[in-house]
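These are the structures, in structure tokens.
Heads up, the next two complexes both have chain A, just with different partners, chain B and then chain C.
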Partner chain A sequence: MTRDLAVVAVANVFIVGAGFGVLRATGIRPALTDLTWTLGVGYLLGVAAVGAVGSALLVAGLALSWWQILLLCACVFAAGLLRRDGNRPPPGARRSGWVWALPAVALLAGAILAVDFAAQPLWTDDAWSIWAVKAHSIVELDGLNAAFLSSASLISADYPLLVPVLELVPLRFAGLPSELIPLQLGLAFLALPAALVALMRDRVPALTLWLVALAIVLAPTLQVQAASAVADVTLATFFALAGVAGWRWVEAGESAMLWLGGCFAAAAVATKFEGRAFVALLFLALVAAAMRRGRSVRNLVWVALAVTASALPWQLWSRAHGIGNAYSEAGGVRAAELPDTVVGFPGRRSRSPARSPTRPRGSR
Partner chain B sequence: MLNLPSQPGTAGLVMLVVGAFAGVFVIVVLRGRIAHQLGAPSSEARPLLVTAALALTAAAAPYTLWRVTEDIRETAPITAAHARYVGAETKLVDGELVERIVELIPENATYAVAVAPGAYVEIRESLAQWLGYALLPRRQLRVAAVAEWIVAWGAPPATLGIRAVRPTLVGRNRLSEFEPVYLAEAPS
Partner chain C sequence: MTLVAAAAILLALRGNGAREAAFFTAFASLASLAFLVGVYWTTPLDYDYHVTTSVRRVITAPIVFAAAMAPLLLSRAPGDQTLR
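Our next item is the complex of A and B:
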């Protein structure tokens, strides 16, 4: 376990490096010691880049072995170095005084959560039936396998690939099967408060900002969802950051923030289908807000096109191979079934309560 | 989180009381400092709102974090071997039986799954999905007639209307009603 944690940590350092590449490409050059930028924005941009580009590479026929993941991170970092001019450090934080106690508590809470994520087995049904099965199939079958994906082995086979690509990090570096998948996905959640603080710290009082960060880390439902190794919190993380960066662009016209928002929006689209609707609405809202302020939306259109293009490889590949999901293949929900669907399938109750898996088994 | 406590218990109640004190501390001691930080008089809405939010967060923090530490205490002892099939057990599927099936079906083979109609709903709805995950890289087919192997859960394949040869009893599901689980080859 210790060795597995160490190699996965090394892989995640490379992901931070990829995030720094994206930051430099957009014209932002934070100091490594600026931890909210390094471990917040930098890490999540790395996750976004590895997830989105990694999805395209899987479609292109690669199997994303451990060295390919490292090479991908190195290439994204190197791409950022190509931009030599116009790099600026991000805005500094406001003075905060006694407020340092809030990040200290947030850090403690984050550390406890990280231990919990590392202890979680892969147990929720969505985690193994939608996401982990796809990541495992990439390892076992040496890349995307259309025959497997279109077989009866998994539901929602047409979901995008960012989460399986992230799960490949522990699977490739720590071996199969890996119990570190919940930790790998949970790290994105743990980075969210830091990223929010980094992006907003020159606009919002430190007290308010760290209070929000602390509330996010302590929110019980978010904790449970983040530990479940499903995609919802990851999607929410990317969408929230896309919104914040987009708002900064509308407010101050910072083009770097527009491109950062675009990266996070692309990651949201690459995480779940619902991300497409969220991001489309976000862009519509940004267009409306920008026009109201008399700001040109030309760059926003370019960003929207780039986000759309990033989703195309998997979309085209999955359609070309006839990959659907069990739900739509079964005909979806008929209008007459909608009320039951909304209130929660009253006819599908169990004959017996599910037992806790850690209780003694075979006791009957 | 697999093992969050369902009841606060004594320790949880202590944490709730500690949290209540923390919340009161924020309101009584920090209210003025919060207003100073925000650069507004403490009677204005903004400092009041932030004070209330901080008090609530401080009040919730001890109990919330205690729940997580309890989950760690219960979940961390799960062995790596057991962790592999905890997901199956949440659906009343005996993971050790599935591990035996993994050993019996060749890696490049195809299989189909049939579940007795009287099985618990968790098993009927989730067994095929769990096998799709656990039996990788074996490929699951929807139509039993074209699969090379048949996994029959709860009854022999013939009883479930599936033609198969040499059905073997793999074992009985210890998490449900000890229903039999068979593995059979498809007729060539």
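Our next item is the complex of A and C:
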């Protein structure tokens, strides 16, 4: 267990390095000792980059072995070094006084949670049947296997790949079976408070900022969900950061914030299906807010196109191989049936998955 | 956390200089929740089945987003001169 923790820690240091590459590419160059940027924004950008690019590499035929994951992190870091001009340190925090106690409490809570995550089994149905089984299949079958993914044994097989890619980190570095999957997914949640503080610290009094960050990290429902190793907290992390960074762009017009928001939005899209709708609605709100302030939305359109493009490889691959999910298996609702469906709510008789008529895969 | 988010939106809507941010937050989070309701309505699966199995998880993202925006909603926007 100690060896496993050590090698997974090394892998996560590389992920922080990848995040630094993304930060430099956007024009932000934080000091290594600036922990909210390093372990908050930097780490989560690394997770976003490894998750989104790793998904595309899986589709391209790679199996994301341990050295390929390290090489991916190194390449993202190196890509950031290509930008030599315009880098500046992030804005500093407002004066905080005794508020230093709140980060200490957040750090303590995070450390306790990390120990808890390290001891958690995969105890929810979805953690195994949707996410971990896909990551295990990539290891066992040496990459994405269309025959396995389109078999009847898998539900929601067409969900995006960011979470399975993250789960590959402990599986590749600590070996099968890895008990560290909940910890690997939980680290993204633990980095969220620090990332929020980093993104808003020049704008919001430290007391308000850290109190809200504490409210998030101490929320019992989030802690339970994070420990259950399903994708919802990961999606929430990326969606929240995309929204905050996007709004900072609307307020101040800093293009770096817009691109940071785009990276987090791409990660949200690569995490779960509903992430696409959430991000689309978020961009709609950003367009409206930016136009109201007379800000050009040209860069926002470019970011939206980049986010869309990032989702295409898995979308095309899964469709090409007829990989479906519980919704499409059950047939969905045709447009003509929609009025009846809505009028019948909530008393209409409907079906649970066990009683749903199933169709052959691919017959949508 | 939901209460933190709702209180921050309401306070900002009352006019502490972050009204636009409050509209932005409310739209993005409520529209996302409405999308989920729409999906639950239109699937052929039992609405109660969705509510009992997944609703507590899938609403996490819009709520965490709204809570994450709370610090911006509770502090005055740059250049705002109104008294709190």
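Details
We adopt the following convention: the second predicted complex is superposed on the first by the 329 of 364 C-alpha atoms of A that agree within 3 Å, B and C clash if a C-alpha of one lies under 4 Å from a C-alpha of the other, contacts with A are read in each partner's own complex, and residues count from 1 in each chain.
Following the convention adopted for this analysis, a contact is a pair of C-beta atoms (placed from the backbone, for glycine too) under 8 Å apart; a residue touches a chain by one contact, two chains touch by 3 or more.
All of these numbers come straight from a predicted model, not from anything done at the bench.
Of the two partner chains placed by the overlay, only chain C lies in contact with A:Glu251; chain B stays clear of it. Residue contacts after overlaying the shared chain place A:Val133 against chain B, while chain C stays out of touching range. By the touch criterion defined above, A:Leu82 lies against neither chain B nor chain C after alignment on the C-alpha atoms of chain A. With both structures placed on the common chain, the touch criterion links A:Pro205 to chain B and to chain C.
When the two complexes are overlaid on their common chain A, residue A:Leu241 makes contact with chain C while staying clear of chain B.
Legend: residue contacts after superposition of the two complexes on their common chain; A:Ala215 is shown touching both chain B and chain C. The contact surfaces that chain B and chain C form on chain A in the two complexes overlap at residues 205, 208, 215, 348, 350-352, 356.
Contact residues on chain B toward chain A in their complex (touch as defined above): 1-4, 33-34, 37-39, 50, 53-54, 57, 60-61, 64-65, 67-69, 71-72, 74-76, 78, 80, 82-84, 86-87, 89-92, 94, 110, 112, 120-122, 125-126, 128-133, 135-137, 139-142, 174-178. Those residues of chain A whose C-beta lies close enough to touch chain B in the complex are 1, 96-99, 105, 108-109, 112-113, 115-116, 119-125, 127-129, 132-133, 136-137, 140-141, 147-148, 151-155, 177, 179, 205-208, 211, 214-215, 218, 220, 223-224, 227-228, 348-352, 354-358, 361-362, 364. Chain A meets chain C in the complex at residues 196, 200, 203-205, 208-209, 212, 215-216, 219, 221-222, 225, 230, 232-233, 235-237, 239-241, 243-244, 247, 250-252, 268, 274-275, 277-278, 281-282, 284-286, 288-289, 292-293, 326-327, 330-333, 338, 341-342, 345-346, 348, 350-353, 356. Interface residues of chain C, counted against chain A in their complex, comprise 1, 4, 20-21, 23-25, 27-28, 31-32, 35-36, 39, 41-49, 56-58, 60-65, 67-72, 74-75, 77-78.
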